[in-house]
Each structure stands twice: as C-alpha cells, then as structure tokens.
Amino acid sequence: MKKIEAIIKPHKLDDVKEALHAVGVAGLTAYEVKGFGRQKGHTEIYRGAEYTVDFVPKMKIEVVVDDALAAAVEDAIVEAARSGKIGDGKVFTYDCDAAVRIRTGERGPDAL
Amino acid sequence: MDLQIALDTVWVLVAGMLVFFMNLGFGLVESGFARSKNTVNIISKNFVVFAVASIAFFVVGWGLMFGDGNGLLGLKGLFMLGGADNSPAVGDAYSGVYSAISWTGVPLMAKFFFQLAFAATAATIVSGAVAERIKYGSFIVFSFLLVAFVYPVIGHWIWGGGWLAELGFWDFAGSTVVHSTGAWAALAGVLVLGPRIGKFGKDGRARAIPGHNMTSAMTGAFILWLGWFGFNPGSTMAADPGAISHIVVTTSMAAAAGALAATATAWKILGKPDLGMTINGALGGLVGITAGCAFVSVGSAIIIGAIAGVIIVLGVMLLDRLKIDDPVGALAVHGMGGIFGTLAVGLFAQEAIAPGTTGDGLLFGGGLGLLGAQALGVLAVGAAVFGVSLALWLAIKATMGVRVSEEEELEGLDIGEHGNRAYPDFVQTETVA
Amino acid sequence: MDLQIALDTVWVLVAGMLVFFMNLGFGLVESGFARSKNTVNIISKNFVVFAVASIAFFVVGWGLMFGDGNGLLGLKGLFMLGGADNSPAVGDAYSGVYSAISWTGVPLMAKFFFQLAFAATAATIVSGAVAERIKYGSFIVFSFLLVAFVYPVIGHWIWGGGWLAELGFWDFAGSTVVHSTGAWAALAGVLVLGPRIGKFGKDGRARAIPGHNMTSAMTGAFILWLGWFGFNPGSTMAADPGAISHIVVTTSMAAAAGALAATATAWKILGKPDLGMTINGALGGLVGITAGCAFVSVGSAIIIGAIAGVIIVLGVMLLDRLKIDDPVGALAVHGMGGIFGTLAVGLFAQEAIAPGTTGDGLLFGGGLGLLGAQALGVLAVGAAVFGVSLALWLAIKATMGVRVSEEEELEGLDIGEHGNRAYPDFVQTETVA
Amino acid sequence: MDLQIALDTVWVLVAGMLVFFMNLGFGLVESGFARSKNTVNIISKNFVVFAVASIAFFVVGWGLMFGDGNGLLGLKGLFMLGGADNSPAVGDAYSGVYSAISWTGVPLMAKFFFQLAFAATAATIVSGAVAERIKYGSFIVFSFLLVAFVYPVIGHWIWGGGWLAELGFWDFAGSTVVHSTGAWAALAGVLVLGPRIGKFGKDGRARAIPGHNMTSAMTGAFILWLGWFGFNPGSTMAADPGAISHIVVTTSMAAAAGALAATATAWKILGKPDLGMTINGALGGLVGITAGCAFVSVGSAIIIGAIAGVIIVLGVMLLDRLKIDDPVGALAVHGMGGIFGTLAVGLFAQEAIAPGTTGDGLLFGGGLGLLGAQALGVLAVGAAVFGVSLALWLAIKATMGVRVSEEEELEGLDIGEHGNRAYPDFVQTETVA
Amino acid sequence: MKKIEAIIKPHKLDDVKEALHAVGVAGLTAYEVKGFGRQKGHTEIYRGAEYTVDFVPKMKIEVVVDDALAAAVEDAIVEAARSGKIGDGKVFTYDCDAAVRIRTGERGPDAL
Amino acid sequence: MKKIEAIIKPHKLDDVKEALHAVGVAGLTAYEVKGFGRQKGHTEIYRGAEYTVDFVPKMKIEVVVDDALAAAVEDAIVEAARSGKIGDGKVFTYDCDAAVRIRTGERGPDAL
C-alpha cells in the first residue's frame, strides 16, 4: 500500500475530497497545519508594533491506498487542488507496510 | 417642579445609556454570526460606528431632525446644536429653534444624548448586513452620511413635526424611524455588494456559513434585550410611571413571545430548535413592538411579538431563496420586523391605553384610517431611504470602491483591512469557502 | 406624592432590568463552566428560559403568588394579571385583589416586571445543575411548570401573605424564595438525571470536567454581581435612600468577603487559588446575604459573606464525594448558600437596622425565636419544592424522557439537540470523555 | 426635600453600579490584550481586586481619604466607616467627621459605595500593566496597600480637602486622583518586574505579542465607555439635571473623538486601522475628559478627546521604544491620558460652564494660574505615587517575590499560579515566545 | 524501527495511551484530525440553512517503536480502541529509518 | 528523498525554522501536537477536583528533502531545538517515494 500526503490550500479541501471520492477512495484523514515555503506570510500589526507571520494556514490530507490506486490519487489531488497560484502545495508518497481496521481486525487493502 | 425635571433627566440619561449599550449588543450578535477571520473587521465597524455617528449627528444630524423648518427637514439651528434653546422649559415657556422636541422637560444635552444613541443604532444595523465583504473605509463613509443626512430627514418627517407626523403616522420608539431605516439602507448596500463568496452553491442554493461564536451571539442578544428597556420606555423622555411600566412589560413580553414563536417555527420547519433563529426571533419581537409599545395592551404585545417571531424565521429563509445575502439576519429582523411593527399599530392600537394619541386600530374597531397612515409611512420611508442609500452606495462604489478583493475575502478581512487577527492563539479551521 | 411614585417606579424598573440582566450572567457562568460541545444547548436553555418564565408567570404564576387567597396560595385574579387593582394606590387607598404586594406604591406593571425577573431566576438556577445531559424540550417543560406553579406557591407562603410570613419567617430578597427554591428543584433534577458520563471514574472518585471558557465564567460572575444590585436593594420596591444605600453596601461587601474567603479556602485545601472557586465564592456570598441584606450591619454582612464563601468550597467538594454531579456548583451556591443565608437572619438580624421587622437575632440577644422560624421555613420549603419537583421530573421522564442518549452525550448536545455548534471555526479537543 | 435626597441617592447608586461594572470592562480589555495562557491569571486578578479593594477601603482607606484631618491625610473616623456622621444632612446641618464629602446630600453608605468603586478602579489599572509575569499573591498584597493607603492619601489631597484642593487644583472625576494614580503605581511595578520574555528581540526592538481575544477587548471597551457614564456624571453625586446631562455629552463626545483620532493616527503611521489603537484611543479620550468633563464645553471636549487619542497612539509606541513593557497600554491610556486631561482643565475650562469653580483656563483668557496649579498637582501626585509605589514593590520583591519563574512564564501563569486553563477544549498555538 | 499511526475515536485516547504504556511504549504523539470514511458526518442547521459536515473528529496517534515491539503495539491499539461501532478507525504501519533524541543526541532505538 | 519529522518544544519553532532555512531548506510544514513521554504533564485543579494532564503541548515539523540534505537537516534541527531539558523531543527519518508540486506538476526533488 501507499500513503499519499498532500498539503493544500484550506478552501480546496472539499474539492479534493470529492475528487478522491470520484477515483474510489473510501476514506481519508485531514488536519490543519501551518506551511512555510515560497508563498510568503504577511505582516500584521498589533497595537503599534509590526510583526511577520511566516506560516500560512494549510490543510494536510492523508490517504492510504492500494498500490494500484496510488497514481490516480496523486493525479486527482493535483488536479483538484491546483489554482495555479504560489502556495498550492505538494503531494508526497510513501510506502505503507500494514493496515488494520480497528472495528473488524481486517488487514491490508481490505482495511482501507 | 425642578425635581420633576431632575427625575426625568435621570430617567432619560439612564435610558440613553442602555441604548448606547446596544452598540455592544449589535457588535456581539453580528460578529458572533460571522466567521472568525472577519471578527476584527466587524467589531471594528461596530465600535467605531458610534464614534462616527456621534460626530455626524452633532455636526448636522440633530439640526436637520429637530430644527424648526418645513415638513421635510429642519432648517434652523442646523449645526453643532447651535440654535437657541431654553430647555428644559416646555410648552409656551419654550423658546428656541428645536420646538419639535420641546415637549419633554429635560435639558437640551439630555435630549441630544438620547437621540444620538438612536441615530447610531440605525447605522449599526447596516453593519451586520454588509459584513464579511465590505471595505472598512467605505463603511465609515456611508455611516457618516446616513447619520448626518438620511436618518435625520426621515426622523424629521416622523418625530420632528414633519409631514408624516401631520398625516397621523405613529411610531412610538422607532420601528420605522430607526429599524426600517437601518434595514433599507442595509438592503441597498447588500444589493450593491452582492453575496459573499461561497454563500450560494453552484446549484444556486443557499449554503449555511455558520457564525463563529454562539456565546457572543447570545451575549449580544441579551444586551440588546436590556438595551430595549432604554429604547422603548425611554422614548417617553419623561419618568411617567404608568407609561414606562406599561412599556417595559409590553417590550419584554413581545421579546419573549418572539423568541418562543421563532423557536417553535424553526423546530417545526427545520426539525431542530436552531439557536440563531431563537435569537433573531427575540430581536424580531423587540423590533415589532417598538412602534406600538405605548399604544397596545400586554396581550396584544404578546401576539405582535409572536407574529414577528414567525415572520423573522420565514423572512430569513425567504431572503436566502431570493439570493440576498445578509449574514446576520438584519434585513429580516429590522426590515420585516420594523414594517410589521409599524403596521401592527394600525391593527392593535387602543385609544384607552394612550388616550389622545393613535386612537383605536382596526382590530379594536377604529377602522382603516390608522392602518392606512401606517402603511403610507412604511412605503414612503422605504422608498426614500432605499433610493437615497442606493445612490450613496453606488457613489461610494464608483469612487473608493465598496468590496474587498476576492483574495482578501477568502483570507479574511481581518488581515487585509486591519492587519490584525481576533484569536491568534487558537488553531482555526474553515467550515465554508 | 406623584413624584414619589415616579421615582419609586424608576428605581423598581431599573432594579428589575438589572435582575433581568442576571439571565446573561447565569448563561455565561453556566456555559463557561461546561464543555464547548454543550455550549449551544446551555445558552439556548438560558436564553429561552426567561421567555418561558415570562409566559408562565403572566398566565398564572403572578396570580398564584400575589392574588388574595389563603395561607397556601392565591385564589383571586389568577390569570393574566386580570384581577382588579388600583395600584399605585397603597394602604387603605388600595382596592384590588393583589393586596399582599399593595405596600409598594408603584404601578401594577412595575410590580409584575420586577417579580417576573425574580421568578425567572429560580428557573435559571436549575439550568446549570442539569446541564450537559438534559433534553432541551424536557427542560422547557419543567421550567414552565416551576414558574407557573411551584415558585409562585412558595412565594405566596413568604411574600404573598401566606403561612410562613405569618409565622415570622423573614427573607428579604429571596435566599429561600428564589435561590433555595431553584436549588431544590435542581437537586431533584440532578438525582433523576444521574451524573454525566465520565464524571465519576471507575474507582468511584470524582473527576474534574473542566469548563471550556473561564472568560465567560468571569464575565457572567461580574454581571451577576451587578444584577444583585437590582435583586437586593430593588426588593425595597421603593427608593428609600437609607435602605437602598445600606443594602447596596451589605450586598457588595458580602460578595467581596465570599470571593476572598473561598479563594483562601481553596488555596489552603487545594494548594492553588482555583478561579472557579473564587467565582462560586462571590456568588455564594451574594446568595448568603440575600435574605438578610436589609436586616444586618455591614460588619455582619462581611462575616455572612465570608462564611458562605467557605461553605461553598466545602459544599462543592462534598457533593463530589456524594456522587451528586452538578457541573456548575449551583447546588452549593444557591442551595447551601441559600439555606445558610436564611438562617443567618436568625443569627445576625438587628432590630436597630430595620426597625419593626425581624427584631434581633440570636447573636444580638434576640433569642432563638427568629432562628427557629427561619429554620422551619428552610425545612418546609425544602421538603415541598424537592418533593413536588421530584414528582414533576419523574413524570417528565416517564413521558417525554429527560436525558439524551449516551451517544449524543458523548458527541455533545449541540449537534444532537440543536444541529448547531458554538465555535465551528476552532479546532477543538476533549479533555474528558 | 426628602425626595431630593432619594433621587440623588438613586442617581449616585446607579452611577456607582456603572463604575463597579468597569471592573468587568478592565478584566476583558486586559485579558483580551494578553495571551490565552495567562487568561485565568488576569481575570482572577481583575475579579479579586474589587474584593480586596472593598476590604481595604472599608477598613482604613475611606477614613484616610475623607476623615477630618490635616492637609495631608484624614485622621478622624479612620476605621471601618466608624466616625460620627449625620448624612444626608449637608452644609451647616452636617455634623460628623467626614466633612470633606458632606456637600452631597446622600446617605453615608451611598457615598462609601460610590467612592469604593473609584478606589477599586485605581487598583484595576495596575493589573493590566503588570500582566503576564506577576505573582498572584504579590499583586493582591500590592492592591491592598494601594487602596488602603496610597490612593486615599492622594484622594485626601484633592477631594478630601487637602493641600492640593486648597491650591486651586481641579480634578472633577479623577484624571489624576484615579487614573494617574493607578498609572504611576503601575509604572513602578512595570519597572521592578521588567519586560515579558520575548517582548524585546535580540536586536533590542519591541516585538508585538498579540492579544488572544479581540472580542473580549471590544466588549471590555464598550463596558468601560458605559461605566464612564457613571464615573463622570456620577461625580456630581447629585441628580443636577443640567450638570449630569452636560457631562454625559462631554464624556461621550471625547470618547468618540479619541477613538476616531487614534484610528486615523494609526492608519496614517502604521498603514492600517489597528483595532487595539482604536480601543486605546477611546479609553484615552475618556481618561482625558475625566478631569474637565464638568468644566469644558462640548466643542472643547471633542478637541480634548481627539488630542488624547493621538497621544495614546504615540505614547504606546514611545513606551515600546523606551523598552517599557505594558501589555495593555495602561501607562499610555491612564498615565499620559490622565496627565493630559488634568492639564487640559488649565487650558479649556470656562467659568461660564461651571460658575464658581475653576474659572477660565488659558485658552479662554484665564491666564496661567489654573494651568500652573494643575501642573503642580500632576507633578506632586506623580512623584508621591511613583516613589511610594516603588518602595512597596521593592519591599514585596524582597519578601515574597514579585515575578514568576522563567519556566512558569513560558508555560503560562494559568497552570503555574492557578492550576487552571481558560480554554481547555481548544487547540492552541503560540504566536510569540 | 517502525512507525505506527492510528486514527481513533477521540474519547479512546486515554485507554489507548494506557494500553501502550502497558506493552512498554515510553512515548507517543497525538493530535486532533478530521476523518472522512464509512462513518457518515451529520447535518447541521444554521439560521435556517442546512449543511452537511462530512468530517468527524478523530484523534491520531503516532508512535515509533523497535521492530520487535511493532506487532504488540498494533494489537494493543486495536484492542483498546475498539468499540465495535463504525468509525473505530485504522492502524497503519511504516518503516522508520532513523531516530534521534534531541536532548542527548542518542540515535536509533535508544532514542525512543 | 527523505522525510524528516521532528517533535519539538513549541517555542523552538522559530529557531528551528531559521536553522533549516540556513541549511537550504525551502519549505516545511508544522502543526500543534500533544506529546506523552518522559517529560511529565502536570496536575490541574478545577473547581475543587484535581486531574492530571498527561500530554504536554509540542510542535511537530515535517520536511521532505533530497537524500543529500537529510543528514544536515537532522543535525540542524537537533542543534536548534536542544535546550538540554527533558522533553526536547525527537527527530525521525523516513523514505519518501515521490513528490509533486501541485502548482506546476514538477516531480521529485524539483518539487521541493
């Protein structure tokens, strides 16, 4: 199995979720992260003092899939998350050794 | 005699303070009903709007509203409360240029303070409806113009001895003068601005954009309810024990009935007792009773409040259908509630309750005369405020612009307009767009 | 004369507004002391309860409490304030069916508003104790019954010329009438409901379930303290300068002493100055002084407040031991505080402070008579309210159910009961179960 | 006659309640401007400080301030309000030991309550400036000493018939007595404590440490504005209709002007309309008008408020440059605002507005006399309060310590001092250090 | 070494932590995530408009352990986190190349 | 490519970010987590009842880099995050199979 992690713009989450659903992904996990990269943060002001916020809010998505599906998932994410503006994010792929569904104890691709 | 003046003054000032405090109520309801990324912007608007209104009403608003003039506007003592005035003298003893408000025996400054608090309310109503997309500077400019010119002219028609008052139109504490005026000005702004990004889905259906803080909304609603105990009974501008006691009770019972009716309606239609509707319903009941609080019985007040509560729920849902995006329900509460409340005087007023004022309404055998005058006032004020506001909003749009950029709207107005965040220590998420 | 009426009316109305505002205070303390997943539910309860109480007290509560009748309940002018009444006439000049409250020279509507605000308080107290597990609809039904029937009957016994008043039981502003009544009704509900999931560990020991918002709790506590300046001095129902000044000071000093004593006790026992205890302590001081605020000296008020503060800390910890789960400390504050405050009249009252009322208490040489009457009242009210409330709760349980499902409780009542969330823009976590 | 007393009493008590309510305003502004990890500590300080002040002022503060004595301090009726006093008698009819405040015809308890609320304000001001690093216990001790001894002695000089009053120094509602006193005491504390970890970068430049809750800050600011309607007009301690109406308007217009001027200044200098500055500006306008509210025209009030608003913005930035770390801007608002407001009396006072008091100020042709007296008062109070406070803070530091450990400061004072967290259900992050 | 990631119901965190402690795990890291899967979200109402919340709150746990412990950890999590109801979550296993304890610089299994 | 994950004390985030920048890292992702380990939590009090908070707030950092940079990144984090006190945290290293930059579709090390 493969684990695919994507860092995307927060307001793209719904689109990505739907795109993944469309290619047959049954489950995924998401969470708020702060990103640092080419897309710069911004300057804030607080009671007269300026300060720079380097991190921008991003959403991270994780989905574990069968090897066969990995490429399609990658592509689906890239397409759904792209706005063409800096900061659209990244997709990373990793090996996943084992998966278990807690409820049933099913293992491997069946657990997904 | 002197003691009467002192007591009336204490009452009017305390009532004015409560109305002033409504600014906090509006700030909390409106920011609570919006997203956290726009909180600094909304509370900035609601904080600064009282300051802007203070200057606008002082400089020229008061004079236009209460200065002696013709049926349309005040012409004397226009600027900076500068006209002759020997308040607290009343009746024949009064000599000055603000005769339309010489019936109350309190000092000029007490009159000004109380009326200022009302004027600011009209502007605050606008704030909520245009939230989450309006430029801060543009809102400030519009608020100034509203309180300096639009509100006082309408006020003159009704409370300044103008043509509507002459025609027998009654609006005790401002369902029309304050609430409808604010709502019509807001409606023009909402139409010029267009809906927030994400409010209407690709299928054209309204999507919920949940407010970020129901604790704020509830707090604001209670503060508004409290403030209305200044708004309505204070409009006596005298410590008349019978009248103020009666009005406190009609006001509160209408709010209670509005809250319950809205809760029940939402529960029935939506399947759950939606808190936002309960709150809007209470406020709708308050707006609804504002015109008639001194003229109707407690029983009628309960009925008026309950009908207003139902109207508000249906109104919020109707506006969603019409693709009119009002993040806080101000158009339903102050607009529909204000119109209904004004008409309700024509239905429920009773001569016996405030002898020598409205006479009986339709349901108490008084015929259609009063109702007709009320309807005329509703239409005239609606047309005038909406028309002029539309022109003002369009002029602002053409000059300084009225809506923030798409990028700024997505990121939130707090960073874009103010460079601040409301809650920097908390990890946040986005529910919608 | 007329001016006296006007001034008394202004005072009573302003005091009533402050008591009304306590609803916000309770809403904030109670929701602040509970988890974020139940916030919408709690603030909905606290918002709607005043509306429910308004209708209940208008429809029949007022008549049962103040209508002329026998020692147990009012029988005349029962419904909708509909009895004869020529208020503000007082004394021999009064003719009407609400003679028990004809001693105050304010209009009937002012009396109603002030008393309504009190009645609603009793229901609000219940809200906190049953929080985080009660069905919304069931709470509404119980609140209606409490304010329509239970509270007014108790009120009649003590303030409506009933049997306890006859016996020489004194409760100036309602340590028993309002606070204990609310607490006994709450205790019955708490027992019928059982503790929240996770409150008591497998070892049977109480686990802390921290409240989600200490800012809310502090805000609510200050609003309650402010509201008590209406509650206690307003209970004069007349602008008697000496009395109201005295009562403002006894009230405030008792709160201060309660806050300090509770802080010190918690610091001593727990090792840290726990803010929740400081807040509960201040409220305990306020409840404790409520019965005696007009009858005791400032020095005694400080002592009463301090003792109440200590009692509240120990009381909260004791209830945890007894496996009685009250998320906000309402049973300790209003129950134990109310009982102690009522008894304190029997100890600290001084004839010289309010001549012609209580006479001297035990510590000032007055013997055991007063204390005995006070103790009798405490017992009678406790037995009656607890018994009837238990029956009501059990009836509600048998018919519509009283507690949400386990699943709903774990997920939070906001989604389950209201389909809303209080803070959707924030990432949340769970401290306990 | 009696009715006059009753009305005055109602007015003074209501005003006192509003001033009491300012404690909540301060608590919310101060905690909103600080980080979430220190919230419990800040609101605990602000909650308990009124309780501490109540005891301190009752035990000895009142006597030192208003007891008959010499030009420096009160000597009679020192303890627990225990001196002879036949209030509400005034003028020649008065016999007692608190003659300095016998000009107002309200009962002793009303005087005490109103003055207590003022005394507590001075201590509350300190709370914000020393926030996020002070030990809870040490703050309590300092507050007690401030309200028991320092504040009353200064108060005696100016309002207790002391030497500054003799010299023709005027401070109507306390720009100096309350606000500057609080600020000087705070400055001493700030210097003894040193800046928060992370406030000044390695380069020595001030870094922003954003406050955690702008909703709290805005709420607090509106509550303070409301409270000032008790603070300033209430300082008449009589329901004089002309005076109180005038003062309500000067107070509110100064706040409005302060808010607008600060917003504009921040917008100009910083490029954005920083909400924190808008809020500080409004408060600066209020502090600025406090000394002169009864002595200046409405037009002058607007100018005073606007200047104060500008001063506050520049002052906050200046203190950052001077490496003086005041998390909430209390030194600028209450210190600089208080000094300016006191001097403004010397510039803007008009004999015609309050005949028989200040006479004309410099700008109205009154010469330098009044301004000189004002300047002298500013210096004398500054030197005395700063000096004594410094000694007290150093003594506390030497005995019980004044600052929490570095580790505790990094983790937050809530866990360390109180074992509590303010918002346990929310996932939190750290913006700075 | 192995990294074991589990997505569980939030109120199971304490039980899982204790189960892991029992099998000899000395440290772990947890955080709030939003899960999308077979367990459906719910419908919310807001001022008259309905909307669907697809994501349900979950807790994610990460623990890096010696290869020898991996199976025991997996089992401990599955057992402690199971309620038998839909949405109980998943356990995923990955390879971990290297570990360092920042405080001491220790590397490999010693760093855990 | 390698993925390096570090769990650090929250107030070290800025220092670590700067250290990484210095060794040539162009982007990273961070988020708040709760850590359980040798560093003990603390006891809290709430209205009279005590309770133990076992988890302490930590910040987690993720950075994917070219194999060549991995060792330098590890070292940079360890150095910047070290205070010498218990709870300084860990650095873990994993293999990363693939990376895509969403905006451009670039793949592999170029995507970083």
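Each chain gets a letter, A, B, C, D, E and F, in the order it is written, and its residues are counted from 1.
Quick note on the criterion: a contact is a pair of C-beta atoms (placed from the backbone, for glycine too) under 8 Å apart; a residue touches a chain by one contact, two chains touch by 3 or more.
Nothing here was measured: the structure is a model prediction, and the numbers come from that model.
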Hey, what chains does chain A share as contacts with chain F? D, E
Hop across touching chains from chain B and tell me the fewest hops that reach chain E. 1
Matching the CA atoms of chain B with those of chain C requires turning by an angle in degrees, to the nearest 5, of 120
Taking shared numbers over all numbers used, above half giving same and below half different, the chain B and chain D interface sides are different
Here the gap between chain C and chain F, centre to centre from mean Cα coordinates and rounded to Å, is 52
Per the C-alpha means, the centres of chain A and chain E lie apart by a whole-Å value of 18
So what's the Cα centroid distance for chain C and chain D, whole Å? 34
Give me the residue numbers in chain A that touch at least two other chains, ranges are fine. 31-32, 44-46, 50, 94-95
Could you check chain D for residues that touch two or more other chains and list them? 3, 7, 10, 14, 210-211, 213, 219, 270-272, 274, 276, 418-421, 423, 426-431
Okay, what are all the chain pairs that touch? A-B, A-D, A-E, A-F, B-C, B-D, B-E, C-D, C-E, C-F, D-F, E-F
Chain E residues touching chain F in their complex are 3, 17, 26-31, 64, 94-103, 105, 111-112
Listed in rising order, chain B residues that touch chain D in their complex are 3, 5-10, 13-14, 16-17, 20-21, 23-24, 27-28, 31, 39-40, 43-44, 46-48, 50-52, 54-55, 58, 80-81, 88, 106-110, 112-113, 116, 136, 213, 216, 219, 417-427
Touching chain F in the complex, chain D uses residues 410, 415, 418-421, 427-430, 433
In the complex formed with chain E, which residues of chain B make contact? 33, 206-211, 266, 270-272, 274, 276-277, 280, 313, 316-317, 320, 329, 429, 431-432
In the complex formed with chain B, which residues of chain A make contact? 10-11, 13, 32, 42-46, 50, 57
